[in-house]
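Each chain carries a letter (A, B, C and D) given by its place in the written order, and its residues are counted from 1.
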Amino acid sequence: MPEPLLKAEGIVKVYPDGTVALRGVDFDIRPGEIQGLLGENGAGKTTLTKIISGLLPPTLGRILLGGEPVRLRSPKEALARGIGMVHQHFALVDDFTVLENIALGTGRPADRALRASVAELMERTGLRVPLDAPVENLAVGERQRVEILKVLSRAVRILILDEPTSVLTPVETDELFGFLRRLKGEGVGIVFITHKLREVLEITDRVTVLRRGEVVGEVLTRETSAEELARMMVGAELRPRGRRPVELLTDIPRERREAVRTGVEPVLVVEDLRVPAEGGGEAVKGISFELYPGEILGIAGVEGNGQTELVEAICGLRGGRGSARLRGREILGLPPLELYRLGLAHIPEDRWKYGLILSFTVAENSILGRQRSPRFLGPLTVLRWGEVFAHARELIARFSIQAPGLEAPAKSLSGGNQQKLIVGRELSKEPDVVIAAQPTRGLDIGAAEYIRDLLLGLRDEGKAILLVSADLDEVLELSDRVAFMYEGTFTAVTTPAELDRERAGLYMGGMRG
Amino acid sequence: MRRLRATLRAVAESILAAAIGLVVAGFILKAWGYSPISAYIALFEASFRDLYGIAGALANATPLILTALTFAVAARAGLFNIGAEGQMYFGALAAVAASLFRLPPGLHLLVALAFAGAAGVLWSLVPSVLRATRGVSEVISTIMFNWIGRYLAFWLVANVLVDPYRAEKTITVLPGSRFPTLVPGTDLSYAIFLAVAVALLVYFLLWHTVTGYEMRAAGANPDAARYGGVRSAGVIVLVFLLGGITAGLAGATQSLGRPPTYAVYSGLPQISNLGFDGIGVAMIGRNHPLGIIFAAVFYGGLQSGARVMQLFAGIPLEMVRVVQGVIVLALALPELLRIFRILRRRRVELGGER
Amino acid sequence: MTLGYFWSILFLSLHAMVPITLTAAGEVVGERAGLFNIGLEGILLLSAFTGALGAEAGGWPLGLLVGIGTGAVVGLFFGLVNAYWKGNQLITGVGINLFALGFVAFGLQALGTPGFHDVPRDVRLPAIQTPVGGLSPIVLLALVVPFAIHWFLNRTRAGLWVRAVGENPEAADVAGVPVELVRLLATTFGAALAGLAGAYMAISWMGSVTKEMAAGRGFIALATVVFSGLRPILTLAGGFIFGFFDSLATWIANIPGVKEAVPWQFVSTIPYIATLLVVTGVIGRVRFPKALGVPYRRE
Amino acid sequence: RVALILDVGGRGDLSFNDMGFKGTEEAMAEFGWEMTVIQSATAADYLPNIRNAARTRAFDLILCVGFLLADALNQVAPEFPDQKFAIIDAVVDQPNVLSIVFEEQEGSALVGALAGMLAAHYGYPYVGVVLGIEIPVLYHFEGGYRFGIDWGLKKYAQVTGEEPNVGLLWVYTGTFSDIAKGKAAAEAQLEQGAVAVYNVAGPLGIGILEAVTEKLEELGREAGPPFMIGVDANQDWMGDGNKVIASMMKRVDVGCYTAIKMVHEGTFAGGVLRMGLANRGVGISRFLDLLEFIDFGVAAGAIGAERRPEIAANWAAVRASLPTWIWKAVDELEKKILSGEIVVPKPATREEMLQVRELYPLVRE
């Protein structure tokens, strides 16, 4: 076995607020190996890799590079020693161009020489992005590529990727994997973090599993199985799934739901919806569909193809032309509060942008959008705090949200619990139509499963659900019908039964069905 | 419980900051050959020991509470409204203008206050509309409006409200619309109750009404607020409205409730800078109405202490300003306690490496 | 009006522009890096004072250097407090202003004549003599500096770093940019320019120091930064518009007949109204760096 | 002991605050007393400052410098009937208050007459004046100045037989602190051809002198015209002695000194002390004044002692360059005012000011 490039020994991390994220972790990275890092939300994966890449100091423990103990005080020092990291949340400057962002990462000016070498790098890796586009205009997948290019444009011996595939299409994921294999061949040590077991099994050589800040297992990939990994992660057998793996989609009781749909009026009818794009042009170019009660209509597609704009236009957060009728009533241009009164709930894709006010308490967040409902609104707009707390308590109980308290700021909740809070709040609006955008992004298996079950349950209660997700598996698993979105239009609308991953990939890539 | 602890920590930090500021300033005083001990004795004797001193601190605090609220309400809603200065001028003048006609005492005061609030609102209208409709930064519009307001106020004092017999000031406010003096022999009037009541009202508004909830939401996360059905234009207008009222009232407390003048002088010497000082007070009070009350009393105490330091310790006013500056600078480090804690943790960390 | 008047107003405007443009252009750099310094007023005052002392000790070159140095020292302090210790930028600024007001008034008193100090003519920065009047060399400098800053911000690596730490310090940090250091240097640079502006007022423009000589110019500079939308070249326009209307107002107020018709107080509001109109009509919404005013912490 | 209470202008206004300080200091030195200076940060400090000083019962005299303190003093004086107070520039009608007021219009008339004759003599179209914030004290200055200019122009016509065409440029800058405004205003006036700019804005005089100096540089001259006319203190020594043709001195220092002396000698009594030309409370600067104030400048470190003779010589040369009849005419006006033959208008209200402006519009044909 080759000498490890890097060894982390006895790493303990206590955050300033007292959260113990790592409790003595040993970890090593070897050349020419892809090392999977697995664990539930909050297990400490990001924390560990941030320490290795110099972004955070460990509270205790030490890091050895080539056998020598080192102190990495900043990412700059880590980069200088060949440690590069692609972060879970993009570390890109939005209004910089791609080239400027890469320049930032390389410490070189954004000049012609850099452009040439980046072009060469893109050629070599197959990761292509428009160099002069501002990052904010890029699709998420493209941003991910920028992140990787940024790191690769420095000579790295250790490459850490924190959930890089959560925003990629299957095709893009495959491309990335191909590229990682090549890097591995060049002797680079790679750490790969993901929540998708399938990917772990496919790409890694070795897997380390973290649970609650401790290493609970380290196995060679070829000697393990999805079940074993899952068991290590959660510390017990996964509870039986409420749905089946994609491969077995055929026996979804479709007939039942089609029966519901016949003779039923659609609740939401969208006709020729057009939404202008921020940089000019149209992001949504004339989309029409109908949404029936008791069904989940999935919208699959690579992010950045107009899904965001589509959802925001329907939900009153963005202007659009055309028509969207909720039970016959035109809703385009109505303010969000009015939409909620009409029975529309919106689980936004970006929980930090729209979903939550991070500095507000859990209780305060639990009524966002409902603050003017008669339950909470007293005379002279006095807020009935008692009712608000009662409501928040209900949500916490009903959706098993783990929160330090009703008056804790929302930012102190873990990602999964933040999402549960949003979902719970939206569902407490008792909607007929739920627009759910990326409802499980970044959640661990348990939390994601919970949300998916909720959505299925809602459907079975007869609600209409529009599910937008970049996770193809998820869309295929949950939806009764699937639409594929590409550059602002639907390329195909079909049922999952008539699909396989290849076809789906093609539709997502722009082929019309 | 959690809230209480956070509050206590904030208070402790502010006190620590003030203490550090005093120590550093003490060295400066010493360096210039003044005795810091007698200076500080004078300072605290003067401002906080007896009723006379406390009354002085409170009298100074009165307008500062109100102008600080102008800034704080806006800051809570994500706006940077520094227009209190100009709005306050018109509040003061409008309160004087109410004495152009006669009304029964008491009612007259209410009318004068209404005038003042309305005038403050009027002067905040344009920046508010520009911001709400054209997106013009309130920073620039309020700075400009402060200056414009200054000159217009000059004009009003010298030409419109001018006292025909004493052209250096406006007509004098009629006794029936004055705030009675609260502590005889001091310049503390009942206006302090107005200021505190408004602060409590603002507190209630921000944390116990849906309107306040929406304002804070707009400030904390404008996107989420929009998602939650909060109309930003509405919030902007409301913030400026409230800010205008509080700033206007701040002006009124000076022209109606500060003996002996009960008028506004040419050049606005007794009201200039109260709006700007209010920003400092709001920051020290962490943009929280209750914090602001304490911060204003502290600041007011420093001001009245400054007078007495000249008298008893012979320290020139300029030096006192230096001391004030240092104290405020110390207050700028909001997490002093945290810094101490980090130092402690460093030690742990180093110990662990061995 | 004759041509002579034209030149006169132009020169007045240019000279009045300098402190505002220099200060604003410097502050653009600081704000681009994410630090918002409302202590500029105090820096102008402090450096006017020290600049004058410097000039008297060693001639105008030393005076300018000392002025710049004073600004830099205050900026360094501001940067330490806010970039490294995560202080409150607004309070720091207020504190600097208060301190400066007291310190300069006190210093002037210690010098002899309280409140006022005359800088001897032979240590002042000599004006460039033109056929239509004297022109301070700093005016020419002020015309160049914004362009240089524009080039710096948009064409150099360091400029890229400055913008990055203002927009997304986390991303910059991850990319190996020393966020705190860049912020510190940017705000120090900005304050140093304000220091130059202060020294200019003392040893070139006015030839004297008074305890209130900043007279709100620091705040006007802040408004000019907003006006420019944080684009350095536009600080020239902002400073000039303000300087021009300010001078014009003084002119108009002096034209016989005008003041009988229009009160001087109204004329005095012209520069502010003009600036506001330009902002409303032309500039509109301004996009600030996302991390402006927000301390950066890693954890 | 004496408490000297200053208004918000504070030390360094080059006007009554500094002059008050100077006079008090002189008295202290002479009588071996001690003084405590209390400066006001804002106008809200006036009342507490006076009251605090009175409460100590440690001061033989509390001296309030500036009319802004009048209301506060009016309030405090009855609270402390045994305390002696004095106030400069305002009348406070209390038995224990000595009010010292100045006849600024008289002095202003003299410099006005000088300015008018200067303009006519040198063939300049205008005379100028830059004022601060619009307060009634400044009306005295403006009114007297207008009257004087008018008188001077008539005198000129009478002496030379030519009808001069001279107008007045005047501006209220709205500030006593922004010297840039003073400079800009003076530049504007000089550009239009003002022969002299009268400073009625305290510290703004620095800016005015700067503008005059630059104008002279542009003209390639050492000495005026154009000139500045100083105010309050004797400012003739500033600018090498050859750029300030004269100063309208308002001897606040003499007022303060007098009040202290009265206390010292036990002759203090409440009432009004009017200081005009007659008791040298105001006046146009002469040679002896120049010497006194050069010393003042030297003491303050503003000029080196070695420059004393040079400045004096420059000053004398400038004065000598004017025809003697002009100076005689100024003396004549002074005598006529002293004798009561001429009464200079003293506008105290806006109405009266407007009337004076109408009476002496001083607009060029």
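We adopt the following convention: a residue touches a chain if its C-beta (ideal position, glycine included) is under 8 Å from a C-beta of that chain, and two chains touch if they have at least 3 such contacts.
This one's a predicted model, so the numbers in the text were calculated from it and none came from an experiment.
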| item | value |
| --- | --- |
| Result of counting contacting C-beta pairs for A-B and B-C, higher pair | B-C |
| Rounded Å distance between chain B and chain C, as computed from the means of their C-alpha atoms | 27 |
| Intercentroid distance (Cα basis), chain B paired with chain A, Å | 46 |
| Chain centre separation (chain C, chain D; CA means) in Å | 34 |
| Chain B-chain D separation of Cα centroids, rounded to whole Å | 37 |
| Residues of chain C touching at least two other chains | 105, 109, 216, 265, 268 |
| Where chain D touches two or more other chains at once, by residue number | 10, 174 |
| Residue numbers of chain A (touch at least two other chains) | 16 |
| Chains that touch, pairwise | A-B, A-C, B-C, B-D, C-D |
| List of chain D residues in touch with chain C within their complex | 10-14, 18, 21, 128, 167-175, 177-181, 183-185, 187-189, 191-192, 203, 206-207, 210, 213-214, 217-218, 238, 299-302, 363-364 |
| Footprint of chain B on chain C - complex, ascending | 81-82, 85-92, 94-103, 105-106, 109, 216, 219-220, 222-223, 226-227, 263, 265-266, 268-269, 272-273, 275-276, 279-280, 283-286 |
| Touching residues on chain C, where the partner in the complex is chain A | 155-157, 160-161, 163-164, 167-168, 170-178, 290, 298-299 |
| Touching residues on chain A, where the partner in the complex is chain B | 12, 16, 57, 59-62, 315, 317, 335-337, 340, 346, 348, 353-360, 364, 368-369, 371-372, 376-377, 380-383, 385, 405, 407-408 |
| Interface residues, chain B side, partner chain D - complex | 46, 52, 56, 59-60, 150-151, 154, 158-159, 162, 164-168, 185-187, 254, 258-261, 265-267, 269-274, 303-304, 306-308, 310-311, 314, 316-318, 321 |
